[in-house]
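Presented below are the structures under discussion, each in the form of structure tokens.
The following pair of complexes shares a single chain, chain A, combined with chain B in the former and chain C in the latter.
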Partner chain A sequence: MSFISLEFIFFFCICFFAYYLVGRSYQKYVLLLSSCVFIGYHQLSFLLVAMGVTLFSYIAARHIEKARNQKYFTTRYVASVGMIVLFWIMDRYAGTLSGSKFFLFSLGISFYSFQAISYLTEVYWGEEKAERSLPDYMLYMLFFMKFLSGPIERPGSLLPQLKNLRPATYEMMTYGLKLIAVGLIKKIVLADQIAPYISGIFDAPHAASGVELIMACMLYPVELYADFSGYTDMALGGALMFGLHLSPNFNRPFVAQSTADLWRRWHMSLSYWVRDYVYLPLSSATRHWKQKGLIFSLLLTFVALGVWHGSGWTFVIYGLIQGLVIVYEVKARNFRDWLKRVLGHNLFATWSILCTYVIFALSLIFFRCDTISDAFYFIRHLSFTNYTNCKDVNLGMSDHICIVSGVALFLVLVYEFFMSRGDLLKRLERQPAVVRWSVYYLIVFTIFIYGKFGANNFIYLQF
Partner chain B sequence: MKEVSKKETSVDKKRCAAWRLTIRIMLFTGPLWLIVALYFHDDPYMVIRNYRIYDSKVMLNESYVGWHIYLNNRDSIPFNSFIMGNSCTMAFRCTEWEKYLKGGRAVRLFGNIENMMALYKKLLALEREHANIKNVLMILDKSSLSKIFLQSGYSFVLPPEISGDSPLNEQLDYLQGFMSPDFLFPYLKYRLTKTVTPSMKAFNTYGRIRNPINNDAINPREKMIEKEGEQYWISHKNDFPPRDGKRVISCPVISGQQEALLLDIAKVLRRNSTSVKIVISPDYKQAYINPLDVRILKRIFGKNNIFDFTGINQYTADKHNFYEKGHYRPLLGNKLLKTIYKTPYTL
Partner chain C sequence: METSEIIESLNLIFRKVLKRENIVLAEDSTARDVPGWDSLTNMILISEIEKNYQIHFSFREIVKFKHVGDLCRSIIEKQE
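Let's look at the complex of A and B:
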């Protein structure tokens, strides 16, 4: 059940009314039941797997806590995390390796497995107490608004909210609806409009001209961002309507001036997860290797981040490129400072933003192509000289789609600029009703008229 | 006690918030519901109710209309031959094709900018309906061969019986088309004045444009040519850009995914022992389809079943064979049929 489907709209409305109709003590059970229905609706096995991981991590955390100051304390933690990682790998690779359609990659497993690992680690570190209430913990793991594509929530941020559910105020609900509208614009007015044309090139790079390859490469980060951040906005907005605050996942990634900065702004819940649970322990363990330890930790962390996205060497290379670029940025800090002095702040910032974007776009070729040979073919044939006609520049998109998606991208960037200067949505709430309702109508009609319905797929669902 | 009552008041407030929001949303969406009601009442695209004859002042979805013409008539006419492909199928008349089919009865199941995936889905739908698929005439070009995704939008969406998509999603596409200002405002004007003017895009100003039995095109431009004669090509000279006579070969468009889809299509045709003829449409611009693509098609469907009319040849030389650079006339379609069914075939 995709967020952009009539089934989901009906499902969400039923949950919403049921949530506010029942007494407070039953509200979490409404959410839990809804989450189970939501997951099981896709496939019953997905629900069983998710339940299995949830119950295992719930019991494991209590055992780890019990074993504190005992002999097998660390062994229990390592074994528990190892089991989850092993299960995640088995689930991910079973279908690929066996070639059988019987093994389906469980929806959302990468997200809730990482949530379980973060929970076990926090309990192991003594930062969190093992959760006593099974329903609360199940809801933390299975809550439907963040189940399919995150954000990967930390126990410290979501569990306390679930333990003490506070239904949303009217302002929270309307704010949530506005976030959903923003997410819909990103997803169906921008991402889904350009997606078929970009997919056409990535799926058959051998049939594309050099200019088409360049355009697809440069537009893919936009598609990916609009698709994923659109999903996240809808997840955040939907959760807010139940009074729950989920963590933000993006913070204007395209203004990042370095790849390291980009990863502090892109899929933040995952990058902070790998920073806290992979990079920091690794760099601490290898600190006696000095800079080599740092480089090793960085590379391994980013390879892990790449592998999180999927099975296949393309994802390893994707992660490795990110790691290598960040290592370069660390090593070339003096050069970058010198360049900044020479060029001046504004020119240097513009140059850095462009470089970061281009490097990210090029690395995404490995993320998007099916095989390494396709990716290398793609890179080898990027060229301005090899084109068949001027239509190559817009990848065969009609003028209508170019204008709609171009305007949508511009509006999204402007919206995010103003959001970084103060909450635009809250400012809108303070306007007179006529202004507010006019803006709302404009948004609704824009979505209805220019949105592309029926695509029903989010890129990050496959992870 | 005070604590409990305070808590309860707060919960009631939040419950009120939910009701307040619901009421506001109902008020806010009132005008939208009016438009939706108008859509369901008028059924402008003729896709909500069943009709015997699909004629309208509104341009209809050709895939939907073709499919329903077939369903409407299949009990009285034993259709076993299908003209499929893009809008260039307008040059091929069922009655003309039937002359070569030894008793076969044909119907045209085409779609605007139809691609291979839509064609595949239509074949599967025919199979599901237990149709006798004895003959298929596919009218393709470079674009239809390259695209493998189903198109959305009210002009292109396939009927749910063919696409397998939910009828609700299908209606959403039509509703979206209806709400588009490009359509809605001219439609409201038409509804008030009951007249259609040439400036109203997406409206049909010509009257009947299809045969209600076999979906043959009744092209109003034939009447214009009949009336205007040579003047037609003079007044439409902008539609016929000059050609330099140079040999241009298009890039190959069939790669892995396209080939896999073509193999699936061939499988369906084999399963039904279908005789297939594939026409690569003559192109006014005289660009050749890439020989690699033709080779793949011949390998999959048999070399005697592929008829490539692209490039510089007797069919593309004369502009009188074309309405404009994208579409050719039944005059040429008849010549192509003659060539196809003449053995041995040489171009």
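Let's look at the complex of A and C:
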């Protein structure tokens, strides 16, 4: 049940009305039941697996907390996290290795497993108490608006909200609806319009010209961003309508001036997760190795981040590239400072933004290609001089699609620029009714006239 | 040892590790106020501080430092 489907709209409306019709003490049970229906609707086994991980981590946290001494404490923590990681790896690789269709990769498992590890680690560190209420914890793990592709929530951020559910205010509901509309524009007016043309090139790079390879490579980050941030906006907006604040996942990643900066702005709930639970403990343990410890921790962290996205060496290389570029940035700090003085602030910023984008786009070739040999073929054949005709530049898209997706991208970038300078959606609320409703109608007409309906899948569902 | 004395020596360590001569720390300085001080350089700084004062911070102590003042207080406690 994708967010962009009639089934989901129907399902969401029933949950929404049931949530506000029942008494306050039953609201969490409405959300919990809805979440179970949502997950089980995809496949019953997905619900069983999610319930299994949830119950296991709930019981494990209680045991960790009850441990009598430090030795038991650490053993229980390591064993519990180890079991979840092992289970995640088995679930991830069972289908790939056996080649059997019997083993299905459980939807959302990468996201809720990371939430479970985050929870167990916080309990182990003494930052959180083991949760007493099973329904609250189940909702933390299974809440349907973030189940499929995150954001990966921390216990300290979501559990207190679930323990004290408050109905959404009128402002929260309208803000949530606006976020959903923005997400829809990103997804169906931008991402889904250009996706088939980019996929065509990545799925058959051998049949594409050099210019087409360059254009697909440069446009893929835009597609990925519009798809995933569109999903996140809808998740945040939908949750807000139940009075729940989820964590943001993106903060204008395409203005990042370095790859390290990009990862503070791109899929933030995942990058902060790996920073806090992988990179910081690793770099702390290896800090006496000085620079070598830093490099080791960075590379291992980013390889882990790459592997989180999928099985196969392509994802290892994708992560390794991110790590190596950040290591270079750390080592070349003085050179970058010198370059900034020579070029001036504005020119240096523009140059850095362009370099960061191009490096990220090139690394995504490994993320998107099915095999390493495809990825290397893709890179070797990137060329401005190898083309069939001028239509190669727009990957065969019609003029209509070029204009629609180009304008949508421009509007998304402008929207995010103004959002960074104060909340544009809240400013819109303060405008006269005529202005507000004109904008609302414009958005609705844009979605219905220029949106591409029918492509229901989000890229990050596969992770 | 006074906080001001510790801050003086921290200034020298930060300048050496971050290779910036103009760093002047205060008790309420955070990573946001000091160019180059981020999660990538933090552990190298901590390692230099530990070496300088012959002390050891645990991982949980390190991640709980909110600003330079917290770091100074921890150094003073460990030296006592």
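Quick note on the criterion: the second predicted complex is superposed on the first by the 459 of 463 C-alpha atoms of A that agree within 3 Å, B and C clash if a C-alpha of one lies under 4 Å from a C-alpha of the other, contacts with A are read in each partner's own complex, and residues count from 1 in each chain.
In the analysis below, a residue touches a chain if its C-beta (ideal position, glycine included) is under 8 Å from a C-beta of that chain, and two chains touch if they have at least 3 such contacts.
Since we're looking at a predicted model, the values are computed, not measured.
Asks: Between chain B (first) and chain C (second), which does A:Ala304 come into contact with in this model arrangement: first, second, both, or neither?
Replies: A:Ala304 contacts neither chain B nor chain C.
Asks: Quick one: classify A:Ile449 as touching chain B (first), chain C (second), both or neither.
Replies: The first partner, chain B, only.
Asks: Output check: A:Phe16 vs chain B and chain C. Expected answer is one of first, second, both, neither. What do you get?
Replies: Touch partner of A:Phe16: chain B, not chain C.
Asks: Which partner chains sit in contact with A:Pro167 here, chain B, chain C, both or neither? Use first/second/both/neither.
Replies: first
Asks: With the two structures laid over each other on chain A, which partner does A:Ala207 touch: chain B (first), chain C (second), both, or neither?
Replies: first
Asks: Tell me the contact category for A:Gly293 with respect to chain B and chain C: first, second, both or neither.
Replies: A:Gly293: touches chain C, not chain B.
Asks: According to the stated criteria, A:Pro281 is in contact with first (chain B), second (chain C), both, or neither; which is it?
Replies: Touch status of A:Pro281: second partner only.
Asks: Check the contacts made with chain A and report whether chain B or chain C touches more of its residues.
Replies: Between chain B and chain C, B touches the greater number of residues in chain A.
Asks: List the residues of chain A that touch chain B in one complex and chain C in the other.
Replies: The answer is that chain A has no such residue.
Asks: Which of the residues in chain B come into contact with chain A in the complex?
Replies: 7, 11, 13-15, 17-18, 20-21, 28, 31-32, 146-147, 149, 152, 157, 165-166, 168-169, 172-173, 176, 179-181, 250-258
Asks: In the complex formed with chain B, which residues of chain A make contact?
Replies: 5-6, 16-17, 20-21, 23-24, 167-170, 173-174, 177, 196, 199-200, 203-204, 206-207, 209, 243, 388, 437, 440-441, 444-445, 448-449, 451-456
Asks: Which part of chain C faces chain A closely enough to touch in the complex?
Replies: Residues 19, 36, 38-44, 46-47, 59-60, 62-63 of chain C touch chain A in their complex.
Asks: Which chain A residues qualify as touching chain C in the complex?
Replies: Its residues touching chain C are 125-126, 260, 275-276, 279-281, 283-288, 290-291, 293-294, 297-298, 326, 330, 333-334.
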